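Both complexes shown next keep subunit A, but they swap its partner, so subunit B is in the first and subunit C is in the second.
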Partner chain A sequence: MTYQPSALQLQREAAKRRASRRSIFIALSSTLAMGFLITILVTGAQGYEKVKESFFNWEYAQKALPSVFEGLLLNLRVLIIAEFFVLLIGLLIAIARTSTSPVLYPVRLVATIYTDLFRGLPLLLVLLLVGLGIPGLRISWIPNSAVVLGTVALVLTYSAYVAEVIRAGIEGVNPTQRQAARALGLNQAQTLEHVVLPQAFRNVTPPLLNDLVSLQKDSGLISVLGAVDAIRAAGIQTAQSFNFTPYLVAGALFVLLTIPLTRFTDWLTRRQDSKQRAQGQW
Partner chain B sequence: MNLFEVKNVRKSFGENLVLDDVSIEFPSQSATVIIGASGSGKSTLMRCMNLLEELHDGQILLEGGDISAYGIDLDTVRGKIGSVFQAFNLFPHLNVMENITLAPRLVHGKSKNEADSLAKGLLERFGLSDKADQYPNLLSGGQQQRVAIIRAVATNPKLLLLDEVTSALDPVLIAEVLTLIAELKRDGMTMVIATHEMGFAKKIADKVVFLHKGRVHESGTPDQIFGAPKSSELKAFLSALHEAGRL
Partner chain C sequence: MFNTKIKVALVALVAVVAIAIPVINAQQSSGCGQIKEGVLTIGTDDPAYGPWFDNNDPANGKGYEAAVAYAVAEELGYSKDKVEWVKVPFNKVIQPGCKTFDFDINQVSITDERKKAVDFSSGYYDVSQTVITVKGSKIAGAKSIADLKGAKLGAQVGTTSYATITDVIKPDQDPSVFDTNDVAKQALANGQIDGLVVDLPTAFYITAVDLEDGLIVGQFPAKAGGEQFGLVLSKDSELTKDVSAAVDALRANGTLAKIADQWLASTVGAPVLK
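Moving on to the complex of A and B:
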């Protein structure tokens, strides 16, 4: 015999449908009201026409796009190289800071001072110190290109953040996991590589990717050193036309650049959540 | 000769003396069961035996050699002693196969093929072949613990330490795990088992050691310990178990 929902259940489902229709209606009307209000507030402002002209000018946007886009390619290059070094250096610092061997005490000390220093220093300051200070030393073998020095400054700052995130991940791995690995005869290094780090990275993937997204947009700050990235390119356009639309174009491109990574982060987080829910005992 | 021996071992945590002059001999191919109330020092003794805890006095001898000597290579020693814990401690990021083959490959220098066929053989023998590709979180507690025991056995240890391996399981799952342990005993594996499963202890043990307040209070064959307990402490422990329906 096939299952027939009881009258009681049918009633319950009908009530549920009514409630959900009502929620949709409320959400729709409140969104409309909000949109209407904002439109009136913005377009009604005294300077609206002027702002529209100097920030949202379609003609200038089209004109600026090619050079701003070219600048963005530089941001992209900087960011790929910086991300690589940030992850590498961050990992090494995190390993150093979580080590317990007395031989590594000086390394631990240096790593601690490093993270304290570079997490405290504003990125802009590091950029200026590295970008203007190092060329001032006039050491012949150090390149004085704004792009290279800007990337170095980004790596210095972000490695400190990423190191702390990875360290949190390492410390979050249950000590019994380490014990089980050692009891099987794995040495310190093998335990770290095969048991601790894989779990540590899993634990901190969301905050790690969050830092990388943040690095993506901060790659635009190298423009203060004169590197012609997207923001600098927009600035040059603006200086010629006295119209600020190119900045908006650069902003839009940055947002477009970070969206894929942000979505990827969300997807990864969701996937891990569903995995962990299936996990009784870790 | 004894395969393994604990000699005059002392261990304290701060003021609290947990192991007080403990000496036990473990003949080759024997199963020794350690019983005692919570806090009697069972788990600490097990952890001292695989050198996860530092001794404060005494010695631990494996095949006559002092493995508790200062400066001994702990990794090499631990490679010879298999340990299984109450909480399974499988590696959650590795599947069953990878859990089992990790130590044979890394510690014992086996090739991937050798390690895989070893693991497959063990899984087949203990009825877990269909779980080879599963991740630990999808297994039942009994399956996880059996995999943990197989993982320890796969390193071909001289000695197997089982620390309350059934305490986190329900009766049906306990039976699965105990069957596996009994089979290993038939293979001639030397085992040290800390457990609350007295029925199992009676069946499998060659020797039973009753630990009380950090001392070996009584030891003997299962018949002696369960049939004719001498000290009042052991009698009290057994009657408490009896009342709890565990005996």
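Moving on to the complex of A and C:
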């Protein structure tokens, strides 16, 4: 026998549909009204033509694209290499900071000082100190390339942040998990590897990816040392023509890079939430 | 959702704002006039470098550009106490719309492309680009532009010095680009770049004052038409004509040459690169 909704049920469904149509209509008209207002606010402004000419000039955008794109490739290279070392060093520091053995006290102390120092220091200062200070020492085996030293500075700063994120993840793992693992006969290292870290990383994936997005943009700061990244390439073009469109081109490329990453983060967070609920961990 | 009164009020608000905005905007005057009545507002960057300025204090009138600025002011009928200096970073000099200064003096080279975005006065200084380095560098003995091909060169962002590297020298390695000449000088002293391209007076200043063991490799041969520094004004500024006429008058009556003699006296005699 097929399901036959009652008259009352049909009424309810119709009312629901009406309500949803109504809210769609309201959302649509309010969006249109906002868009309309913003459009006249911006285009009606007296300097609009000049701003449009300076920031949204298609001709300059096309001219700038190749060199800005080439700069972006540098950003990407720096990002990938820096992120690898940031995760590695961040993990080591986090493990050091969460260790409990009294023998390891000096390691904990150094790790704590490291995170305090590099989270406190402005990235720009670290870049200048590493990028201009170290080559000033004239030690022959240390490379003096702006890109290499800039990446080192980024790793120093970001691994301090990431270490704290991972530490939060490790400390967020319920202590009973450790105890249970030890009770099952796993040693400290095995407990860390098979029980604590997998859960810790799962808890902090969104903030870690957030730091990755942030690093992606900060990778451009190495341009203070002379390297030509996307923003600097845009700056060079802007200085030639006194037109700011190249910056917009660089901005658009950065956004295009970031959107997939942030969507991925959202998706991952949602998936984990539903997974954990399904497992009844809440 | 909303009750009728609120809805009516919202619609009315949207309508009023929609009508009001164009009216308010239209009331603003067009064209960029003087910033402050009776005062000449002059912009330059902070820090302001020698030999163009002295001690990062444009108001002391010392240094070539400070002296030129006051001479232009006098020519326009402003006494020294009627001149006001504002600090303007490069990106604010080139921003669209009306500027925060009447004119800016900061070694900005005049080009046709830039003229589409801002107004320039007549040129007040003829520039030649110059390569500097430190003793022991591999280009210390360079005699020709070809000798610079293999070098790692640097320049300040936003300068025609950078264009000189990419357009004239065309080196094998990508040039380094710096926010300020301060960072560039450090990179040069560190050996991170082999040479730095700057304008000639800056070259003399840096090699004599700032750099230990600094030396001038040579200047580039003068281009046809020549490169000149000009005062920057808002696009279609009402002052451009007068300011330009003032600079022309100062050039014609020998004042510019006299100021150059006083502040840039030591800048002759850099070898010309073949």
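By definition in this document, the second predicted complex is superposed on the first by the 280 of 282 C-alpha atoms of A that agree within 3 Å, B and C clash if a C-alpha of one lies under 4 Å from a C-alpha of the other, contacts with A are read in each partner's own complex, and residues count from 1 in each chain.
FYI, a residue touches a chain if its C-beta (ideal position, glycine included) is under 8 Å from a C-beta of that chain, and two chains touch if they have at least 3 such contacts.
Remember, predicted model here, so these are calculated numbers, not experimental data.
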Which superposed partner A:103 touches (first subunit B, second subunit C, both, neither): neither
Which superposed partner A:7 touches (first subunit B, second subunit C, both, neither): neither
Subunit B versus subunit C as contact partner of A:46, first or second or both or neither: second
Contacts of A:227 with subunit B and subunit C, given as first, second, both or neither: second
First, second, both or neither for A:182, with subunit B first and subunit C second: first
More subunit A residues in contact - subunit B or subunit C: C
Touched partner set for A:139, first subunit B, second subunit C, both or neither: neither
Contacts of A:24 with subunit B and subunit C, given as first, second, both or neither: neither
Shared subunit A surface residues [contacts with subunit B and with subunit C]: none
Complex interface listing, subunit A residues touching subunit B: 176-177, 179-187, 190, 194-195, 198-199, 202, 275, 278-282
Subunit A-facing residues of subunit B, complex: 50, 52, 74-76, 78-83, 85, 87-93, 102-103, 106-108, 137-138, 141, 144, 151-152, 155, 168
For the subunit C and subunit A complex, residues of the former touching the latter: 1, 14, 17-18, 21-22, 25-26, 28, 30, 90, 94-98, 111, 113-114, 116-118, 154, 157-159, 162-163, 174, 176-179, 183-184, 186-187, 189-193, 235
Residues of subunit A defined as touching subunit C within the complex: 22-23, 26, 33, 36-37, 40-41, 44-47, 50-51, 53-55, 128, 132, 135-136, 138, 144-146, 223-228, 232, 235-236, 238-244
